[in-house]
């Protein structure tokens, strides 16, 4: 219809869509799915790091990690707010997460097994997240693009802090170096999988690209991550766990081995090492907190009644 | 009455009273109180030691401690059984414990703060318990006296094992020696208080003595403990925390300082460091276990019904 | 140990142990906003810990830095009050513990701003804004929970009754505390206690919570290193890496 | 690491971690008789741990004794299966974990009695009576809980469904396990698995419990040192004293 054409024309002209503007139902739905999935990932993503916050090895590292986890809660807040501008409530979004209907990034279904994982997550997982998210700062939906600008700024701190942890370990004792290598071994492939399947496999890509809520293909972004990360690993003196990895001087890119997508699918299906625990922890937190949230409402109601009286 | 006189005559003649024999109501009640209090002490007494079983410093020490805690559960069982011969059920006794009506030894309301406490409890607390209990092996009530014989045999192992822990620490590093001294400092006076207030203060003593369920006065037993323990402390190279302690060559006994009975009364009143937690832990274990005990009954009922069918 | 070093360690240990406990809530709070706020308090306390430890280490002159002090002492060397090592429990327990602490902490830090020791006064000055916010936040929550639903009232009253016996240790001055009073550093106990009772009383009145007897029996020992059974577990977890990899830099 | 040493450490680590978990129930079981029985199992497993570690240390020849092995390895060096490090949960969870383990353990130890390595055969022989009792006890309890009350049935079925995905790792043989089969030491995986499925099936039938799909996805990694997030906490607690007081004799 004419509305759709005008909508697309605005997008093509680089004008931001705002909450009050008309938008196709599919655009709204796709955005809600994408933004809420991202918000859920921030919230669930607190857990693997929370697992080491009580065991951080120095007060300074503990402080940095705490601040990072706090940032993630903040990102969750911005993103739920951005999703709410599309006419859905945070409670509904959380209900979808808790029932298993909504997804969060599969990467958080892997356990954090040593302190080095705090480094690897910052370096690789936040690193990949930034590569995914930087283009979204320019996406067509205004509230989302503005949220991503705030998120990306903080994420780049996190990535640097993660790399800094890896650096300390890589320069440390032989045990620490082994810890760092082990973390790289475990997080490398899941981090590459974070960009999603090859675009050939991806159904919604064309429409999302047209709407400018997906600005690069999964494979392009993945290649960017590999190109950025491999020299960093070399600088750390660590070995990327991919025997097929090699630099192609002609293209200027690193070529890497085949990704085991069956593992990705399996984790997505719920068979990752931590799927069940992550969700359970969140559901328990929410359920345990119900009386608390109810109490705040009850108090506010009483106050309102007192004022009215 | 004649029955009472015959009863007392049997006791005076050293004949054991058995469950089926006639006995004065007061004798029965006193025994139930005394035996169940002792049983409760065994059960609650598992907790301060259970607090270190997961942190025992060697596999051998862990094994010895586990076995000791198991023995205590066993003592609880014998003693509840002995009490049951007097016509009261274990569930009723536990209900009295859980409601706070029945007492257990106040010593278990102190926390175990270091590994050395596992030594001090064995050496001082079990040591005092044995001194208290050995005479009871000859007490007038048959089931109780037989239970005490089994208990005392095992307790003497425990006391020796505790002393062995103290010995290792006292011969160990400066930190270990300090740990041992600190444990002695904290457990010394509470162990002396285990024998109860001076007999001058004690109401029921005369009747219990006549019935041969109390064979020595609290002060006599306490003196025995001090006389036995002070040279052991000296051998360990540890200092008993009593500036007034001195050997009286004439009497052959150690004279010791005044006991702070206000502390004893305060702990008895519920103000010890762990009163609330100990009871809470036991009540929670019992409540959490209700479905389990009910299930065993349900299964047994089903089996019986199946057999009958 | 020098009285001032000892006193500084008490301040640092209180802040560290509470910060450590709060950080267990990370990602598990009853609402996202609470997660953020609680983490914020945890971070503030951790920052204060580091300032107190740093000064204690310098004064002591034995070469101990903040990490040596945090990660290489066993329970009997920790000097935090028993209140702070009590388990998180439910959110009402956590907030009640926090409110008891924050009230004392605010009046203490306010007093330390005028300490005769300039470094202490500076640290207190730097912390006062944070501590003021903590007190406002926890008092506000106690009011809302106490005067919220029947459930929240019951849970909060239970937490108050449970934790009350740990609320008095901060006012039980020993020779170390008294030396700090005499040196013009610490505010006197009765002054702090009067403020504390007044503020807690006001908040409880607004929260419709019953205030336990001020002269009830109070547990103590933490300041002198005689703790509850909880602290050992907290430290075993917190100190693992430093203990398991001695000499490593992180 | 030598395959046999590795295999012995796997045996020891399984027994140690389960023993450690069981010992957390001390004084907190649902009935006095259970407290005693569970402590007994914990003690048996601890005894077996020590035998396996002793032999592993000797074979390795690097001077590690049982305590060095138990208390001075970090999580990635532990080789226990993931099942054993799963939390105690409620008593149905604990007993289900126990039953899954005991069933495998019994058939394994029975097989090891005929091992081509005499020392292993001797340890297995020594353990067989204990392990047989464990299996009888946990199977019996599963029947009584499964076929007990509606509540106990539901709790036990939930435990079974939860823990099922950790039940298969013991049969996922890697090169180390296979080397032990080839050396005439370990029984082959399919043989053990067939016995396991049969026994579990029989007990579940009697217990009126539904058996999950044998070909369901199974978690693994523990044997190779890739654990769940639980193990780190277990070790931090267990190893505290040895870590905090290096070089001390206890």
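Labels A, B, C and D are assigned to the chains in the order they are written; within every chain, residues are numbered from 1.
Note that in this section a contact is a pair of C-beta atoms (placed from the backbone, for glycine too) under 8 Å apart; a residue touches a chain by one contact, two chains touch by 3 or more.
Everything numeric here is computed off the predicted structure, so don't read it as measured data.
If you take subunit B and subunit D together, the chains in touch with both are C. Interface repeat of B-D: among A-C, A-D or B-C, the matching pair is A-C, sharing over half of the residue-numbered contact pairs. Work out the mean CA point of subunit B and of subunit C, and you get 37 Å between them. Averaging C-alpha coordinates per chain places the centre of subunit C 42 Å away from that of subunit D. Work out the mean CA point of subunit A and of subunit B, and you get 58 Å between them. Residue positions 74, 232, 236-237, 240 of subunit D are each in touch with at least two other chains. Among the residues of subunit A, those in touch with two or more other chains are 55, 175.
In terms of which chains touch, the assembly is arranged in some other way, matching none of the line, ring, star or all-to-all patterns. The full set of touching chain pairs reads A-C, A-D, B-C, B-D, C-D.
Those residues of subunit C whose C-beta lies close enough to touch subunit A in the complex are 16, 20, 23-24, 26-36, 39-40, 42-43, 46-47, 49-50, 53, 66-67, 70-71, 90-92, 143-145, 147-149, 151-152, 155, 237-238, 240-242, 245, 247-250. For subunit C in complex with subunit D, the touching residues are 74, 232-233, 235-237, 239-240, 243-244, 246. Of all residues in subunit D, only 74-76, 162, 165, 217, 219, 221, 226-229, 232, 236 touch subunit A in the complex they form. On subunit A, the positions that touch subunit D within their shared complex are 51, 55, 111-114, 175, 182, 186, 266, 271, 273-274, 276-277. By the touch criterion stated above, subunit A contacts subunit C in their complex at residues 43, 46-47, 49-50, 53-63, 66-67, 69-70, 73-74, 76-77, 80, 115, 165, 168-169, 171-173, 175-176, 281-282, 284-286, 288-296, 298-299, 302.
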